[in-house]
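Please go over the structures that come below.
Each of the two complexes below includes chain A, the first together with chain B, the second together with chain C.
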Partner chain A sequence: METALNLTFIVLLVATALMAVWARDLLAAVIIFSVYSLIMALMWQRLQAPDLALTEAAVGAGVTTVLFVVTVFKTRRREEEE
Partner chain B sequence: MKRVLSLFFIAALGVLLLYVVASMPPMGDPQTPTATHVIPRYLERAEEETHTENVITGVILNYRGYDTMGEVTVIFCALAAVLAVLGRERRGRIRGFVDRSPVPSSTIVRTMVRFMVPFIILFSVYTILHGEISPGGGFQGGAIIGGSMIIFTTVFGLYESSRRIPQKVRAPLEGSAVIVFFLVGALGLVGGGNFLTYAWPHAARGLQPALVTWLTVLVEVGIGLGGAMVLISILFAMIREEEEIALTA
Partner chain C sequence: MRLLHNYHYAAAMALFCIGLYTVIVRRNIIKKLIGLNIMETSVFFFYISLGYLDGGVAPIHAGSADPARMVNPIPQALILTGIVVALSVTALALSMVILLYRQYGTLDVDRLMREEEPAAEGAAGEGEGGA
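Right, the complex of A and B next:
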């Protein structure tokens, strides 16, 4: 059970990381990245680091997401085709 | 060619990292050097030495106070760099950037944000003041205050938000983390102890634990306020250019 949960989290982490890199829509990439941070926060909690989990949830999933969203709105939303 | 090369480089890096991870001791192994030297000392003596019930807070603010002071300085430098590049928002000329978006925020969102923000700030005050006993502390609480004001700003706009926390109040508080940390550390010297140990050897014996605890809480409050103001200032500096861009566009 423990291992299964850990494995699920790790698979989700890798999946969200890859999706964030591959997403063509930068806003979608930012949101996926905040999901990554949220899963990471759960992971910290599982590793018995509640302080880090709080920081990750507040900074990683909250503050940086908004700063990225502001940046996306101030630049261009779509990645340019090569 | 370039793609193949970069793919090869990344694959090599990944193999190297996996190799290093495989040679690390398993998590929670009691035989590793860290678990046999530093950790037992922290776990056994932290409470009597730092007078904080949360060992992590004791480690961050007391045993490794120098590291944390450096981190706080780095955060302040980040704000200084952002302000040097983007500049501060100017009062009176600012408008919210979401206000001019094609889809204005709905009444439900506005009401919910107006309702939630005070509670989020209350929770962050709890996180800061209780960081000495439970998980949390200045950094986390500061980030939560910053996050709540960021939600407020995205919904109500920069004008409303900077009226709640005017620049006059924000600017002096931005450095509070560094200043409070340094002052409390220096108070230790005045009291006859060492820098950043919070302990005053000449103070009365019974006064010692309360003194250390309260100085730790003071540092937490300084870090929380400073961190929150730094985050809010960075957001305002990033948003405020919007008007100029929108006007020329």
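Right, the complex of A and C next:
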């Protein structure tokens, strides 16, 4: 049961990482990356590291996402194609 | 069977490879930074998995927690610092990205390299002209 839950989280982590990499829209990529950070916070609670889970939820999903979103709005939203 | 027991390590390696692929192959700088963040979290994940104990409890001395069953707290203390360092690296890199966009008007690495070469030649020509 424990292993099944951990494996579900790991599959979700790999899936969100791939989606963040493949998204053409940069804002979508940043939001998917914030979901990745939230799942990572859950995974750290599963690994008995509650302090890391708190920090990751605040820093990874909060501050990093805000910084990326501000950068995307100050530059351009679409990835350039050639 | 051993790999099945240590699936955390395999997952950390897969995430690291995804991040490395992004940093090397994608041409957009913001995409590269997302890949760098994925690499960082995968390394943190590997460290915390190393300190994990099957059926362990969080290393907090409260109530009747048995110290012999606690997971290793040293990787957790190290990685707590690592998360903050990763945040500051990301903040610095993103501020440089904004300055780069103001200067060159693009975030594509190939175009940035191409735009830089004529500018450098022009600056050298001006220097010769002045001499």
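The rule is simple: the second predicted complex is superposed on the first by the 82 of 82 C-alpha atoms of A that agree within 3 Å, B and C clash if a C-alpha of one lies under 4 Å from a C-alpha of the other, contacts with A are read in each partner's own complex, and residues count from 1 in each chain.
Following the convention adopted for this analysis, a contact is a pair of C-beta atoms (placed from the backbone, for glycine too) under 8 Å apart; a residue touches a chain by one contact, two chains touch by 3 or more.
Predicted, not measured: the structure shown is a model, and the values here were computed from it.
Look at A:59: by the touch rule set out above, it reaches both chain B and chain C.
After superposition on the shared chain, chain A has more residues touched by C, the comparison being chain B against chain C. When the two structures are aligned on the shared chain, A:26 is found in touch with chain C, with no touch to chain B. In the superposed model, A:50 makes contact with both chain B and chain C. Of the two partner chains placed by the overlay, only chain C lies in contact with A:68; chain B stays clear of it. Shared contact residues on chain A (touching chain B in one structure, chain C in the other): 47, 50-51, 55, 59, 63, 67, 70-71, 74. The touching residues of chain C, counted against chain A in their complex, run 7-8, 11, 14-15, 18-19, 21-22, 26-28, 30-31, 33-35, 37-38, 41, 44-45, 48-49, 52, 56-60, 71, 76, 79-80, 83-84, 87, 90-91, 94, 97-98, 101, 106-108, 110-111.
Those residues of chain A that touch chain B in the complex are listed here as 47, 50-51, 53-55, 58-59, 62-63, 66-67, 70-71, 73-74. On chain A, the positions that touch chain C within their shared complex are 6-7, 10, 13-14, 17-18, 20-21, 26, 29-30, 33, 36-37, 40, 43-44, 47-52, 55-56, 59-60, 63-64, 67-68, 70-72, 74-76, 79-80, 82.
Listing the residues of chain B that touch chain A in their complex gives 27, 56, 97, 127, 135-137, 139-140, 143-144, 146-147, 150-151, 154, 231, 234-235, 238-239, 241-242, 245.
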